[in-house]
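For reference, the structure discussed in these notes is given below.
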Amino acid sequence: MRDIVEIGMGKTARRGYHLDEIAVVPTRRTRASKDVSISWQLDAHEFALPLVTAPSDAIVSPSSAALIDSLGGLAVLNGEGLWARYDDPMPLFEEAIGEGALPEDIAIQRLYAEPVQPDLLARAIKAQREAGTAVVAVRLSPQVTAELAETVLRAGADILVIQGTVVSAEHVSKHREPLNLKTFIADLDIPVIVGGCANYQTALHLMRTGAAGIIVGYGANGGATTPDVLGIDVPMATAIADAAEARRDYLDETGGRYVHIIAHGDLNTGGDVAKAIGCGADAVMLGTPLAAGAEMPGRGAYWDHTVSHPNLPRSELEQVMYADERVMLSEVLIGPTFDASGRRNLFGALRRVMAKCGYSTVKEFQRVELTLAYRPH
Amino acid sequence: MRDIVEIGMGKTARRGYHLDEIAVVPTRRTRASKDVSISWQLDAHEFALPLVTAPSDAIVSPSSAALIDSLGGLAVLNGEGLWARYDDPMPLFEEAIGEGALPEDIAIQRLYAEPVQPDLLARAIKAQREAGTAVVAVRLSPQVTAELAETVLRAGADILVIQGTVVSAEHVSKHREPLNLKTFIADLDIPVIVGGCANYQTALHLMRTGAAGIIVGYGANGGATTPDVLGIDVPMATAIADAAEARRDYLDETGGRYVHIIAHGDLNTGGDVAKAIGCGADAVMLGTPLAAGAEMPGRGAYWDHTVSHPNLPRSELEQVMYADERVMLSEVLIGPTFDASGRRNLFGALRRVMAKCGYSTVKEFQRVELTLAYRPH
Amino acid sequence: MRDIVEIGMGKTARRGYHLDEIAVVPTRRTRASKDVSISWQLDAHEFALPLVTAPSDAIVSPSSAALIDSLGGLAVLNGEGLWARYDDPMPLFEEAIGEGALPEDIAIQRLYAEPVQPDLLARAIKAQREAGTAVVAVRLSPQVTAELAETVLRAGADILVIQGTVVSAEHVSKHREPLNLKTFIADLDIPVIVGGCANYQTALHLMRTGAAGIIVGYGANGGATTPDVLGIDVPMATAIADAAEARRDYLDETGGRYVHIIAHGDLNTGGDVAKAIGCGADAVMLGTPLAAGAEMPGRGAYWDHTVSHPNLPRSELEQVMYADERVMLSEVLIGPTFDASGRRNLFGALRRVMAKCGYSTVKEFQRVELTLAYRPH
Amino acid sequence: MRDIVEIGMGKTARRGYHLDEIAVVPTRRTRASKDVSISWQLDAHEFALPLVTAPSDAIVSPSSAALIDSLGGLAVLNGEGLWARYDDPMPLFEEAIGEGALPEDIAIQRLYAEPVQPDLLARAIKAQREAGTAVVAVRLSPQVTAELAETVLRAGADILVIQGTVVSAEHVSKHREPLNLKTFIADLDIPVIVGGCANYQTALHLMRTGAAGIIVGYGANGGATTPDVLGIDVPMATAIADAAEARRDYLDETGGRYVHIIAHGDLNTGGDVAKAIGCGADAVMLGTPLAAGAEMPGRGAYWDHTVSHPNLPRSELEQVMYADERVMLSEVLIGPTFDASGRRNLFGALRRVMAKCGYSTVKEFQRVELTLAYRPH
């Protein structure tokens, strides 16, 4: 049943599936929408929505974090982003995105040439709290975690997200001692989310670091070009299901420690969110879709943190919504909406499909029946 | 032979097939077109064509119903549509579709904000009859059936269609007692069509409610965005064949009660109609293709009843035909036509392909041989 | 190994393959182009090229037939085409294709409203011979064969082509006695080609009628809409291979009668021609590609004989080449050419690929190795 | 597990895979980029990059060869190209590409009507050396190798590339004695690269000729139309893996002779390069991507040597980059770059993906895990 194909003599590959290839199948029972709960709990923190934001400067500023929090999601500030590099980045990237002298991609990249300053980072974290954010989360890359984690903790973050495009539990280097995730996490007082990863083995190893949640996928948001640049392209339906198997095995191995799976990549519509959970995710990390919110700092543009690499960027700035198309973030997340494109009221849609399939909780909905069907185009 | 694939570890999906992926295969015998019958009988009602309309305000008004009836099809009035909300909706949606101040989608949605009035509904049903409709059919959603069914019956409807996007025989709610389809249908004096559904189990359960016909599919007409909004996308060829299996099993279980299968979704051309019947359907429910008829109230536009949801619409208004492209509905349904696109003379085409494959009746044609072939594009 | 899939419960379909999905695989031997023969022999007639034309008024007139003959192919005049309906059709369809008052499709269709006249047909056949055509072939539909065959024979045709979209060896009608192909062909003095068909069974039955050649496929040339209109879409690679199996079985059954397979459909490039032969065809019936020839009567347009149906046409007129793009027919068939699109020097290309794969004759090349590979687009 | 499908009765085909269908899968270990080596060694020659250029006049001139060499790649001069036909071709093809009177394709083709002159070829080879090229390589087609090889050797080439679209170890001709590759190579003092080929058998036979490297694929660069013209379309992932199996078998058969596999076709991005090596290639032969380099003689255009055939060309001139988009070749090959399209810093990308998958050398990376996933579009 596992689909191993022979690519050529002596070389096999496993068949993987993207979210676009699958669909949810309603079963014979339906349920009233009101009886459905879509809430999510990570460690001691409870959220109205199973939503984590991508750590993108285009959507998470100290002030937009509070809005996302109030709508029920977990906002993740990029600890190496512009608020950690500038006193007030807003005018700078408004200029970069606007009618500047340089192409937008390059103008945005240039902004990241400025170094990260621990005190600016600390200030941004505190500003997030002061703006009213109940649960403050900050993302650091594995490379800088040892150096900046203390700043983040002392500034009062509630959750630490250690995230690179590809993170493994075993990094090998002849030049410097890599971060030992297991020891590091054991010493922390706050829950850690770590990723991304894309297969059973890495997922299991990351779970064994003691993380409260792991990120599955490399963030194939709009503008991401990792498949072209590196030849890495994660079939998300398969990656999520594999990680869910690792979760079950780890649960058994530890006699009950439940590690959350946060899906990250190819999530653009309410249908995508439902399918990711249907494959086994506990929550989704969204990037591009949130850029349609009028309150977002990116002014309708989205860029991933990989946009800023000095010699090999792996994503492009994407103009998601022009000024007159943007809507309140609340319409994007929980509606109501007049828009039938699937890109509005993402979590109202999740609730609806759960009702149509007869499930009461996000956890139960992980068991929904799926079909594989290629819609001709 | 059943194609169950492993999406990821511990998560499987069944491979489903869309109508676009299959084709009909002529066998060695051919037959004269004149010897082919495409008539259809539901309960005591006989129809020249195996055609049920989608319950869309864009195609069924009290007066267009009579035309559809005279051409041999069964017109279904939307019992919660504009004729149940307004005294004379035509000027209103002519304005909405025309050069109004609002975008068409929103203007059309706004019209549905007005409440349904039982007396207007009754009047529309009677007007349908007065216009000469021999068989009068009305659609209600499961939510309002208990409340409005008596109005519909007293106004003289011949067939009741209970139709939601997803209908199950077992609806669960903590807040109000759901409609018991079985009891309800047993008490009615007229035949009931119920749906939509998309798999063997639900089809069988709906048959057990006592319905005369069940609708398979969720109406993927032009403009429908259910796959994006909810992640539900029914592979129609598979869904129809599964329902046909339920029909056979139910026939055996009851010692002879035959429940009709009405396919609803992805039906745009004569070839699509033939393939749906070739998969096991007894009749087809058409939406978009009929909007090409010049006599239709939607003036060339089509919209599904799901267009009107107050906080999560799941279809968009589609401009099917501009004024100068529209043709008599008779050309769309039974020809003759000069148009070779497949969207005209839909049932003349059905007759022709049945002849080319050597079959005499729609029922026999359900056994036609199929091929699965992906036409590269 | 045969790929039978379950479309749904109780309904299976065989997986079929289009020519676009396969490719030819060179093996370890290569051969000099000069040592390759691409000639073809049908009955007593020898041809430099394995080429039969589609019986289309757009490419075969009494005079263009002579040109095609001189280049090595077999031109087939449509016995029910415009030359059998008008004294001089050229000015009429020049007007129809040119800046006429009606859309081209309709204008062309109207021309076919005029009845076929046996004496005009006879004259056209004789004109073909007088223009220098060595082997004169005429196509009749099965419906008119009994009526017009004598006219065709007395006018001196060398080959009769009995061709409808779908022809079976067993036509059933309550209204009139159908043509008995077997008796009819046995009584004729000239070889008959009959078709189209699309599976093993029909192919075998048509071979048993005594035909010298059978046509496989329904002529999916540019503009053909049979898949949309009727839901019939022949995967040509599969259909040709199946017919080749029928040829082998019939050869065994008769102790040595070899019936030629003429592939008809989806043939646009030199690569397509090579793949059709690689699947088992003896010759190809080409339509659209020849319309690029400046000498063709259609003036760069192509239309199939199915364009002219009075109430359900199944193909559209296709403008293949504008005036300034057309080239000599010799460039299309045998080169030389500067054009690398695959649509020029079709048979030079066949010779080349046969050389690259190490084969000497068309018959041997039917054994060439194939690969199945989906080129992403 | 090997995927043999039945195309039709009695005709099978093996399923092959293109590079676009597969992706690289990071495993649980990651590695520091600095610890990764991407160098390549062929015979006594060492290269910083596993890069061989296509023998195209659009990218390799005597002077651009030196640049490519200095950046770490192996430039291959086309021994039958314009530098072997003209004293100074640059002004000629600047005119051909520019605003000439003829279409570019034809203008470029005309340039190749001039005959190859051995003394001009010798001079071009020497110019290559004088310009500073450390390792000088020249390509000859099999047809002219016997005649021109001595010229090439005496002019001082270090590597001879014998390359036709399809080369076999057994060419059959009634007209002239074909080149015996085995004897010919045995007599040479310099290493030979030979190809292209596309399957295990031919690969193994070419290895047995004594070649140091073999080319796998027929050079499906931008503009190549071989699939349309000849019906030959090589699924590169499969072809490379098959050739790698031949390499292993030949290694065993000879007790240790290692023949390098150079992948040629469908290589446009860093991801493609990584996937080709992941399938088993030792190096890649690049054409189109290098045309983006501002120093290239083709001025942003690319054409394959097959563009110039006198009666059946199999590729078209492709305008890869307009003047203002071109960048230094160093940016294309080794970065740094601001461009995230995957077409810049091709080998920096290779290094990065090797690090993300935890491999240290190109040879080890041939074992990387692959996934097969169809990204819907």
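Labels for the chains are A, B, C and D, by order of writing; each one numbers its residues from 1.
Note that a residue touches a chain if its C-beta (ideal position, glycine included) is under 8 Å from a C-beta of that chain, and two chains touch if they have at least 3 such contacts.
Please read these numbers as outputs of a predicted model, since none were measured by experiment.
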Fraction-based call for subunit B against subunit A, same above half, different below: different
Centroid spacing, where centroids are CA-atom means, of subunit A and subunit B in whole angstrom: 40
Gap in Å, rounded to a whole number, between the CA centres of subunit D and subunit B: 56
Residues of subunit B whose C-beta touches two or more other chains: 15, 17, 238, 374, 377
Contact graph of the chains (line, ring, star, complete, other): ring
All touching chain pairs, where touch follows the definition stated at the start: A-B, A-D, B-C, C-D
Interfacial residue positions of subunit D with respect to subunit A in the complex: 1-3, 15, 17, 22-32, 34-35, 200, 237-242, 244-245, 248, 269-275, 278-280, 335-343, 345, 348-349, 352-353, 356, 358, 369-377
Contacting residues of subunit C [partner subunit B, same complex]: 4-18, 20-21, 105-106, 109, 165-176, 198-199, 201-202, 205, 225, 227-235, 238, 307, 310-316, 374-375, 377
